[in-house]
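The structure follows.
Read from first to last, the chains carry the letters A, B and C; within each, the first residue is number 1.
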Amino acid sequence: MIEVEQLTKTFVVRRGRLRRERHVVEAVRGISFTVARGELLGYLGPNGAGKSTTIKMLTGILVPSSGRVQVAGLDPSRRRVQLAQRIGAMFGQRVQLWWDLPLADSFELLRHIYRVPADRHRANLARFREVLELDPFLQTPVRQLSLGQRIRGELTAAMLHDPELLFLDEPTIGLDVVAKQRVRDFLIEINRERGVTVLLTTHDLGDIERLCTRLLVIDHGTLIWDGGIADLKARYGGERTLVVDLEEPAAPLDVEGAEVERVEGPRQWLRFRGPAAELTTRVAATARLVDLQIAEPDIEEIVRRIYSSGG
Amino acid sequence: MRLDWEIAKRGWRRYAVYPWATAAGIFTNTIFGFIQAYVLLAVFEHRTNVGGYDARDTVTYVWLAQALLMTVYSFGWQEFALRIRDGSIATDLSRPLDPQRYWLAFDLGRAPFHLIFRGVLPFILGGLVFTLHYPSAPALAEFVVSLALAVVVSFGFRFLYNTAAFWLTDIRGVVTLAITLSVFFSGLTVPVPFFPSALRTVARVLPFASILQTPIDVWLGKHHGAALVLYLGLQLFWALALLGLGRLALRAGARRVVVQGG
Amino acid sequence: MLLWHRLVGAQVRSQLQYRISFVLDLVGAFLISFVDFLAVLVIFHNVLRLGTWNVHEVALLYALSTISFAFTDLLVGHLDQFPQKIRDGNFDILLARPRGTLFQVVASDFQLRRLGRAVQGVAVLVFALDGLQLHWTVGRLAMLLVTIPSAVVIFASVWVVGSCLAFWTTDGGEFTNAFTYGGTFLAQYPIDILSSWLRRFLAYIVPLAFVAYFPALYILDKPDPLGLPRALEFAAPFVALVGVGVARTAWRFAVRHYRSAGG
């Protein structure tokens, strides 16, 4: 579905008011990856890492400086209009719908823009109306919708023309827990039932955890991770944390096989690898414990480690 | 006092950071200046004097008007109304800084920027092609005073129609009406001396003449002695009156915000 | 194109929903644009002729120019906000759709109330024709009917070319104002009152003189006081065609730059 080979994008930025010195910014440096049809993957990276630039090159918005890109068998920058017919895009913070018109009107206008046959459009819309519960606000002008309602409308808008590939940029940003869940369920459904390939850019690690089987991580223009979430956890998630509550505050415990990460009063966080039982015994021998817990690393922690270690 | 200075600097900076917009504005002003100058000069093919203005006065008027229109901000200003509309006004009112005073200081910082960077160049360009009137030193000083008062009158008016946002959700109609009245009766479309006498009387009664017509007349040396004092006094009167009305509107509006919860 | 009608129709329907507010807006637009004609009346209060033109003749010029501008404003007036649209990142979405971007941008906004200015123009036209007492020939009528659409296209092309600048610098959009609003202002008056270099610049470089001046000369059967070739009186539609070509090329070039240089 997507084939990327040595994709590069350099920008020339002029800084300064009077002298206008040229800086060359390498936003994306020779990244390569392949996405098969039907995958649901996450695309992660700190701000300024090159995420949006990559997406823009995949959708034909930006022309690459060098490298090869094929999306749905087409070169995005050359066959923009053709490709647009087969992909859907949703940029969470920007509004695609018509601001002053009722939501239903936006759908109708998009039907004509994408030249979707009436019956297919009706069928799709009926399904999405049901899954995303759009009926209560279908006739409301978009400017009056809440964020959650608008996002649901935008998702529908992106899907109405049966795209094979869906690009989502921060779709759950600003949503409450219930709304997030609804969006995630929707994405899982369209991926499983309709086989839509989904590329999800997000900062929300809950999205990643619940939706993606594969993760691409980009930092400073290079791909520092391309693989499954399980592998990710195995590689970077080997360490766990033992949280102990001592009877009274003490100096950081010196225990073999563990490293004190943090101390807050009587509570200490110890990082360790391997089985917990041995370590617990050793800790208990060193100090008087009141309580203890074992914390698994979450994706957030793992990603933080990846960013700081640079892959 | 120190605070006012800081706010004024912010006003200056707000426009100084868009050099291209300023350049484009100068270009537009110059084009408009040429067109209007020629149109009005065509009137002088058949007459030597219109309402006390000769050809040189008129051409000077045109170029001064173009040079000053940004300084006295003849067109729409909605920054305060925007803050009311998006609710930020609630935060502003909770602070110990009076909004009218804030925006006045802001405007007084902005005006010098526009005077220098939007005013000087078009006037010089006009002066290269046409013969303009240049004031004597005392007249120039009087002009500066009149211009300063004009800026305050303009601000008072703009602030006042911005307060409409406290009561109306869409003030577009109010703003357009306000700009239309202001632009016409300040003499920007056609100099007030060209108006038929009935319209001229109306113009003299309204505050808009104090925004552009009066400072230009002072530059042209049209007022001396008692008349000059009268016109400057009229500017001062309008400045205070409009600021006063603005205060009343602000107070009424603020009460509304507090009651409705912002 | 049918899609344009749909896109625009949806907006019109939504605007007409608030009947009273719409009528008020329309009346407001009428009155506000009337101030421009007030300027013409005030000038003619002081003098009988501008150059070789009397008030009714200038009113004809004014009417042609204003009606054309009203329709142009209706079609592409929202391009004034285009730099902001780019700054907000809302242009990219248009690139992700299977349609031309210029078409989408033009069809994105349609404020029917702007026709209030057209109504004002028609009122002035009635005033002009009433005072001129013309003998209507097929030629004159044809010229009248052809001039306005041509003028609309010429103005719109200028506006589009100007807004291409927004792809390079987001605060330079004001340059267009000199040509669009300045152009209308200029077209309301006979260009023979301008000095020669400005006249030449206008007629040959910025074709806004075609908008009303030359067609008006034909309708009024007035000899050109400048002695320019009579063929120019029929040039408007051709200039319009050239204008469309220039606008589309400029736009394509600008979008190509945007797509390689980034947002």
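We adopt the following convention: a residue touches a chain if its C-beta (ideal position, glycine included) is under 8 Å from a C-beta of that chain, and two chains touch if they have at least 3 such contacts.
What you are looking at is a predicted structure, and each value in this text was computed from that prediction instead of being measured.
Chain C has the Cα centre that lies closest to the mean of all protein Cα atoms in view. Farthest from subunit C, judged by the mean position of CA atoms in each chain, is A. The geometric centre of subunit B is 28 Å away from that of subunit C, both derived from CA atoms. Centre-to-centre spacing of subunit A and subunit C amounts to 47 Å, using the average Cα coordinate of each chain. In this assembly, the C-alpha centroid of subunit A lies 51 Å from the C-alpha centroid of subunit B. Multi-chain contact residues of subunit B, defined as those touching 2 or more other chains: 19. Within the complex, the subunit C residues that touch subunit A are 2-3, 6-7, 10-11, 14, 88-90, 92-93, 95-100, 259-262. Touching subunit C in their complex are the following residues of subunit B: 18-21, 23-25, 27-28, 31-32, 34-36, 38-43, 45-47, 50-51, 173, 176-177, 180, 183-184, 189-190, 194-196, 199.
For subunit C in complex with subunit B, the touching residues are 24-25, 28, 31-32, 35-36, 38-39, 42-43, 45-51, 169, 171-175, 177-178, 181-182, 185-186, 189, 193-195, 198. The residues of subunit A lying in touch with subunit C in their complex are 9, 11-12, 27, 53, 56, 59-63, 77, 80-82, 84-85, 87, 89, 91, 94-96, 98, 100-102, 105, 108-109, 112-115, 141.
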